Amino acid sequence: MSPARLETFADGVFAIAATLLILNIDTQIAGDLPNLGDRLLHIWPSYLAYAVSFVTIGIMWVNHHTVMGQVVRVDRRFMFATIGLLLCIAFVPFPTRLVSEHIRTEGAEAAALAYGFTMVATAIMFSVTWFYASLGGRLLRPDADPAVVSGISRSYLPGPWIYLGATLIALVSPTASVLLFAAIALFYVLESSIFGNSA
Amino acid sequence: MSPARLETFADGVFAIAATLLILNIDTQIAGDLPNLGDRLLHIWPSYLAYAVSFVTIGIMWVNHHTVMGQVVRVDRRFMFATIGLLLCIAFVPFPTRLVSEHIRTEGAEAAALAYGFTMVATAIMFSVTWFYASLGGRLLRPDADPAVVSGISRSYLPGPWIYLGATLIALVSPTASVLLFAAIALFYVLESSIFGNSA
Amino acid sequence: MSPARLETFADGVFAIAATLLILNIDTQIAGDLPNLGDRLLHIWPSYLAYAVSFVTIGIMWVNHHTVMGQVVRVDRRFMFATIGLLLCIAFVPFPTRLVSEHIRTEGAEAAALAYGFTMVATAIMFSVTWFYASLGGRLLRPDADPAVVSGISRSYLPGPWIYLGATLIALVSPTASVLLFAAIALFYVLESSIFGNSA
Amino acid sequence: MSPARLETFADGVFAIAATLLILNIDTQIAGDLPNLGDRLLHIWPSYLAYAVSFVTIGIMWVNHHTVMGQVVRVDRRFMFATIGLLLCIAFVPFPTRLVSEHIRTEGAEAAALAYGFTMVATAIMFSVTWFYASLGGRLLRPDADPAVVSGISRSYLPGPWIYLGATLIALVSPTASVLLFAAIALFYVLESSIFGNSA
């Protein structure tokens, strides 16, 4: 299979997972609502969770293309690693819904932990995918830029640990943990818009 | 990343957001219905809302391709602006459902305002995307036709203001506001079919 | 916009509409079920409706490619006609659900009529799309085979009338109407497998 | 129609079917939940069912590309066989949900049988698709490697029977049947990662 084929399939999962996020907001307005306006204001955490998860999936999609831009061929192991990664991406709408619905209830801690561990798992799968492809240059283009390759490696290594830290903060304050994930996404967008503007 | 790659991802979100709109009609026939025929006639605003949002997303998809037809390369900022735009597009099914379910209840104003502000946000993100790409010709093809470029710019500048006007009418009459959005979509289709038939 | 671009977007809507059909079966097993096995057997019309609509959407996808295979360029009117066609395709899951849930209740007539009129509208939009592209060879390839072109035209002209006939039978027998749509799909698959095996 | 066109459509259905699986977990946390954390732990079979079905659909997607890699042209019969195959793939989320919700209730046997028979039907459609394309080299590339072709044939012949065996075990132990499907997916990933790493 060509890397292009794999990218197309992955693009589909990224796009669908992001677009399904809106269903999480839908569930918040089911049933009889005496005052729709108040309800729409009351569920503001849903909008924030939607935006954070949508942008996070968008960032991951951009990262996936950065990885695939260095890959010249794919083998079975790489394909299954990618399927494992997509399994995590497609999972994101579920903890997003948990956070939307429970961040202001006593279920907040469980919701934030579910969200965080999903991010940790996704970051781990990103690392597995990347290091399988890049170690010894296994699947990389012969002309892959060493600076780009080591740049990706450097940025992936701390990923799971940063996410794990943000996750464990939920044990103290679920709200802080969720806001930290929002901040990480925002920081990434700003940082890569300012410094990484090469694509 | 190539513009083609970005277009493929965007096409996916446009197609999924449009196709998910049908779920909004589904929710109107849940539960026991003593008389299905009457119910199917009663929910006619849902069909209208479905059609208006589907065609509106279709128009936005056409517009997005008009923009991308002028763009020769993309950078990180442009990618994140596009993700922000797609975040708005994928949001459209939610206010569409609000309008479907509430336009004949006391929640009509809130529903129409939610629909309108979503359109305003989408129009703003279209402008951000376009003007980032086009100012100083930053990301445009060297041979981009200046008439086309300034034509797009002229048509985008008033967009958010027209939508904002249509939105605020909901404070007086939610039905009028929603019908205005339907009229804008219909006008666009007719006008561009009659005058803009070059593509 | 190139025809290829339009085809990709249309392919997305066809694929999503077909895959969303499964959600109609899901709604039949919600809530507490004392005996799951009996329930799964009891909802057999849902499986049939799923299969008929899936294959019907598949046939329409094949037809759309037959049309696009003759089209060399697209203009705005053709794009909006296609969006109108896709609006009908994406609508199909809704009447499919109505038939699944109501074909054995007193809502059967309404459900069958809804299904039928959706098919009539889809057939009309197919004709609009095709005849706009083909009249006077407006958007066709210069080397389009006249035999293929007139063959498509001949097969499209009776389409809406056949579907209208099958729809109106629902006024006498909703079950007969629905089975007729199943028979049309089956006939098409068999006939084009036996005689039309060129593609 | 070109094989590439058919592959794109199939990729869409594979990606959507896999991504919709997450909705099955969503349904498990609807309504008021006194203790979200306990609930999230209690529904662990849902996560397992999600992972097994996601990876199984992923494996089928890889297999479909292996088949298409040998196919040089498609005809109508092959297209309809593929639509039949995709009909089965898109069905997978439904029995996955049955297993998620019922594997620990008295509905376990019915759920496991529904899951198994879906897999049997999918395996049969894979065989129909493949043997139609490959018998007498009907649709294969002239330069198709005979070793690859007979390798695919050998691996497809026992598929339905293995799945049928795993399905019938549900009559004795639904849990064992479902775990066997998990083991088959795991075995396939490991085996093809270790031995079949050419792709």
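As written, the chains take the letters A, B, C and D, and residue 1 is the first residue of each chain.
Here is the rule we go by: contacts are C-beta pairs under 8 Å (C-beta built on N, C-alpha and C of every residue); 3 or more make two chains touch, one makes a residue touch a chain.
Only a predicted model underlies this, so the values are computations on that prediction, with no experimental measurement involved.
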Chain D against chain C, contact positions shared by both copies (same if over half, else different): different
When chain A is superposed on chain B by its C-alpha atoms, the rotation angle in degrees, nearest 5: 90
Most remote chain, CA-based centroid, reference being chain C: A
Centroid spacing, where centroids are CA-atom means, of chain C and chain D in whole angstrom: 26
Centre-of-Cα separation between chain C and chain A, whole angstrom: 36
Where chain C touches two or more other chains at once, by residue number: 8, 12, 16, 20, 23
Chain-level touch network, classified as line, ring, star, complete or other: ring
Contact footprint of chain B on chain C as seen in their complex: 1, 5, 8-9, 12-13, 16-17, 20, 23, 27, 74-77, 79-80, 83-84, 86-87, 90-91, 93-94, 97-98, 102, 105-107, 109-111, 113-114
Sites on chain A touched by chain B in the complex: 7-8, 11-12, 14-16, 18-23, 25-26, 29-30, 33, 35-37, 40, 50-51, 54-55, 58, 61-62, 65, 69, 189, 192-193, 196-199
